[in-house]
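Next up, some structures in structure tokens.
Both of the next two complexes hold chain A, though its partner changes from chain B to chain C.
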Partner chain A sequence: MPATTRTSTTARDTGAAASAAPAGPPRSRARRPRRWAAWGFLTPVTVYLLAFYAYPLYRNVELSLREYTVRSFVQGGAPFAGLDNYRTVLADPTFWPTVTHTVVFTAASLAAQFTIGMALALFFHQHFPLSGTLRALILVPWLLPLIVSASTWSWLLNSDSGLVNAALGVVGIDPVNWLTSPGWSLTSVIIANIWIGIPFNLVVLYSGLQAIPTEVYEASALDGATGWQRFRSITFPLLRPVSAITLLLGLIYTLKVFDIIWIMTRGGPTGSSATLATWSYRLGFGNLLPEFGPGAAIGNLLIVLALIAGLIYIRIERRQHLR
Partner chain B sequence: MTTSTPRVWWKTAVGLVLTGLMLFPVYWMINVSFTRDQDMRASPPHLVPTNGTLDGYRAVLDQQLPYLGTSFLVGLGTVALTVALAAPAGYALAKLRPPGGPALSFVLLIAQMIPGIIMAMGFYAIYLTLGVLNTLPGLILADTTLAAPFAVLIFTAFMSGIPDELLQAAVVDGAGRLRTFWSVVLPVSRNSIVTVALFAFLWSWSDFIFASTLAGGGDHQPITLGIYHYIGNNNQQWNAIMATAVVASIPAAVLLVLAQRYVSMGVTAGAVKD
Partner chain C sequence: MTGISRRRRLAAVAVIALSAVAGAACSSSGGGSSDGGGAYVVWDPYPQFADDSEWVALLKRCGTSAGVTVERTGYDTTDLTNKALLAAQQGNSPDVLIVDNPVISTLAEAGALTTTDENKLDVSSMATNLLGAGQREGKTYGVPIGANTLALYYNKDLLTAAGVDPTAITDWAALNAALTTVKARGRKGITFSAIGTEEGSFQFLPWFWGSGAQLTGLDSPQAVAALTLWTDWLKQGHAPNSVINNTQTTSWQEFATGDYAFAENGTWQLANAEKLGFAYGTIAIPASAGGPAPAPTGGEFVSIPVQDKTDRYATSQKLVACLTSADNLLTTDTTLSYVAPVAAVQDRQAATDPKLKVWVEAVRAAKGRTGDNLGTKYPKISEALWTAVQSALSGGTSPQEALKAAQAAAATR
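Up next, the complex of A and B:
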């Protein structure tokens, strides 16, 4: 960041010049109180965190432990139900299929995003003319509002008039009911999600590649290593920490995915592309008669999964900093 | 560059093809937005909008301007609130070493990982009681959760780079901590403010979960709901849907053109998109 460096240097110069005359007497006076005074700057964000993270989360746990109806949701006084909502959810015949969809959706998305992102990062790392511009352009899918990407993919995958089926027809393959057949809906939303996630993987892995010193490659080139050997014995091991973080951030993000699936298929048909996130939303907001209790219970199961992934991420991150 | 020129251009050609493949859905969105209704279900589909129409964009002007206005206001509000909350916090965590600072950073990291759908349900319950469903401030307060933790982490990282002598010089000159923050730290942190503002705006502009749960029934609906209603209501008018999608993508495009280096800084700083 040249701009910051420049500003700070000039500012420091003038600051140093000004401070040269009155050498600092009031410096050591209030050291201990100053550390607590720092909380003056932290108070707004702390209050915000308590009011807008902690309290909604608390309400969510409370929702999952009581038996709410529409009336008691508005007026209060819902009876305490213990773990009933969780039992209802676990006993629901759609529970295990939905968990399976969530796992398949997450695993398939991550594997493809990472592989393609890695391939693109390696390719763009070769620095050819226009490589910087093209790499920036590939970011577009990641920056678009998810509803834009999801509706574009809905139309691309439309059974009758979609471009994908038209292209398959040219090769002689019969049209596929991408979004409307239970056998294909999950695949369709996975395809769209992979497309959205590739840029993120590309950018993070690319920055990891840039951190590998070029001398390592030069040495191996002298030893006569081929491209694939270099990737296997140098790039991949050196990139392992960055890869782990990319995958974990991807995992946290993919568990949260809701917009794409809801907009493309609403989790259907007949729940064939429902994940924990869309199921929770459907129970709370997708039906005329909301079932906030079970919806919140699923949400809390989801948060446990996300937090486990999150804690692993923080552990890996810490260990890397220590090194 | 040690490689010979022809090989390098061969790589550029492959790069162009790969980028083209990745961006094809974006092209298709633009193509469909110009396609006439009667050509919409043509077989095979028209690959370029020869006989193009502006009907879709006319529909945007007729029907979507209030949605766009709401999104714009919510975006600005989210940016203002995010920066106001996060910049002082970043300064404190980076430079003042408050007791409990590391714990707060940890909480912020965790907060980023909470799925939006869970927040939405809690917010809905609270907003219903407070009567702030379907209001602009309600949506701004909720959308700020998308960017606030990320913003504090970005500010902390950037402000740690400000030389301590600079701040001490200000103290020696008689400036209090508030004064130092306002007239030394903030001006020097311009780049991080731009990065945070861009992402806060983009995330609130793209938000669908909070919009559909907290503002779905009122007069203040953002553009993501404009598109969503289009998909639900008139399944036939895909040029209007795609034209709205194109218009809704403009902030992302502007951001990428004007502020590309801030974008990649934000992404590599460990951004988790909602």
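Up next, the complex of A and C:
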């Protein structure tokens, strides 16, 4: 591990030297073509970003600021409505419950995924026989298409013929209406989402663990540190950058989770497991007569939430660097 | 000198790259129907039919007889509505679009479909109660390709063992009595789909209409009676709690286990019904006061979307006329296990397969969801209705409160 780091830095040094050398004396002649070349390399990226990020985003903002009906969606000429769609969404009686569900869903999923992922990463870091095989098996939820895992979960949690209720019955617990009672539906989709998210946390944290130099652990072992002390004073602090990026990515993924909830409960019964993402979809596509404006408005709110999380991350990152 | 030539070369590369990107963009947006030639694009909601199926063979035959080739894509039903709207916005609609009947009024509202005045389709032979879903303000926007509706499938073995005569079930009281008898013998009563989508409303409507309620008054006493019927079934254990999350397919799977006496399901399950491990039969869904309840019509319409090049309509019309000609309707509706939209073909179907008789009668008594001049008001009403059903069944609110809220929601939007 240290050897490779060294070679890569030397490579970078020579690369920098090579690129710096010709930029020296014949400046006036070389500058203009170089700029053209720079633009040539920039163009594909810029075109790509404009076509696939900027334009859709612009269209989404535009959708949310106009009063679209199916007719004006196809024929054009939707009147400008200002922030009316946002007002409609905010005034909707389902807005605050849905926001609460989104927050609970995201926070509970992240906390459980991260804790379990960390525990498993530490466990597999021990390198016992078959640990590689087991680690590969734990990755399966990540590799399965979401439609498969979500359908499997909805079979498992079925009120009448589900395996979970059958297992509870063996222990003598009354069946629970996991997906069909308003009190349980959110819990059920959170459980499924945690299961799906663990492998991602495991992989990232495990690779983070491998980057911690073993010398530090050896030194602490000489000083007589216990397992818990080693975790608290070495592993956790040294994993902080990796943990931060894991949590940030997890937050962005979880905020927009849609497929699992839609397949398992359709956000129901009566909106009890609806999040902003499923609500946005329901408005835009879940009805024979789509309401594109409010749907797009919710989508934009979600983007803003993710953006805020990203900015907080950058801020924390910068503060750590300054320190 | 070298500087200039290099600059030129780079500029040339950039131009080539840009034009390649732009060219790709043009060709992809100009795809679909507008790239002329002999290919006519058909979209249908039958992804279950592969290229070697009879349905696709029929499409190809119709293309050949009209002198063109047919490019067919099958989409998932819910996906197709969005695809069709987006295509209409982008100006690359397919030449022939086959969609679920309540979608027709939405697409017509969007101005995405041609009327029979423009495309010269002949719809005179079609049954009027089926054609209703494709008509608004006196104009017709498509031809039904086949119809399906709901009825009650029953487990013959189970009912015989319980001593219940299914033919005597002609009103709600008789049905409730049958369910109680079945339950007393330790078997399960009835399964249906009450999921929070259009499917849930579709399944509730026969009971809703069968009580005498109208979609314009969701909180009428009759409507409350219908929802109370369903809610009581769940409370008394006649219906499983899973109905709240059941699609019509999962509900069918429950019936196929053989534990249930009844299942509310559609014509399209007939082929699967033959594979059941027990004897089955069908009866019409009873109305509250007796007799068959009007069930909603399901099934698709063939339509011709608006094109920039209006000269394509003539060939599209030939394609649609071929697909909906009497002989081809018989083939198509047999493969889809639908009932034909033409009375003469319905009689031929009932003659070849006596089991279809119940279904032909049910389709003749059925009602379009977007009929009664509801049109694009229906989707709002339906969403309010399925929400009320879910809310009452999951025990959140009483049927009365749920329907009151539904009527308020449907009226405000």
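Note that in this section the second predicted complex is superposed on the first by the 270 of 323 C-alpha atoms of A that agree within 3 Å, B and C clash if a C-alpha of one lies under 4 Å from a C-alpha of the other, contacts with A are read in each partner's own complex, and residues count from 1 in each chain.
As a working rule, a residue touches a chain if its C-beta (ideal position, glycine included) is under 8 Å from a C-beta of that chain, and two chains touch if they have at least 3 such contacts.
Bear in mind the structure is a predicted one, so any value in this text is a computation, not a measurement.
Of the two partner chains, chain B and chain C are each touched by A:F285. Touched residues of chain A, counted separately for chain B and chain C, are more numerous for B.
In the superposed model, A:P56 lies in contact with chain B only, and not with chain C. Of the two partner chains placed by superposition, chain B and chain C are both touched by A:F73. Of the two partner chains placed by the overlay, neither chain B nor chain C lies in contact with A:P241.
In the superposition on chain A, A:L302 makes contact with chain B only, not with chain C. In the superposition on chain A, A:S159 makes contact with chain C only, not with chain B. Judged by the touch definition given at the top, the superposed model places A:T180 against chain C, while chain B stays out of reach. Of the two partner chains placed by the overlay, chain B and chain C both lie in contact with A:A37.
Contacts of A:D259 after superposition: chain B is touched, whereas chain C is not reached. In the superposition on chain A, the residues of chain A contacting both chain B and chain C are 36-37, 39-40, 44, 73-74, 154, 160-161, 285. Residues of chain A that touch chain B in their complex: 1, 3-4, 7-8, 11-12, 15-16, 18-19, 22-24, 26-27, 34-42, 44-46, 48-49, 52-53, 55-60, 63, 73-74, 120, 123-124, 126-131, 134, 136-149, 151-156, 160-161, 163, 166, 169-170, 195, 198-200, 203-204, 207, 245, 249, 252-253, 255-256, 258-259, 263, 277, 280-281, 284-285, 292, 295-296, 299-300, 302-303, 306-307, 309-310, 314.
By the touch criterion given at the top, residues 1, 8-9, 11-12, 14-16, 18-19, 22-23, 25-26, 28-29, 32, 40-45, 84-86, 88-89, 91-93, 96-101, 104, 106-111, 113-126, 128, 141-142, 144-145, 148, 152, 158, 161-163, 165-166, 168-173, 177, 181, 184, 187-191, 202, 205-206, 208-209, 212-213, 216, 223-224, 227-228, 231, 238, 241-242, 245, 248-249, 252-253, 255-256, 260-261, 263-265, 267-268, 270, 272-274 of chain B touch chain A in their complex.
Interface of chain A with chain C (complex): residues 29-30, 32-33, 36-37, 39-40, 43-44, 47, 51, 69-71, 73-75, 154, 158-161, 177, 179-182, 265-272, 285-290.
Residues 3, 6-7, 10-11, 13-14, 17-18, 21, 25, 78, 81-82, 85, 88-89, 102-103, 106-107, 109-112, 195-198, 240-242, 244-245, 254, 257, 376, 378-380, 382-383, 387, 390-391, 393-396 of chain C are the ones touching chain A in the complex.
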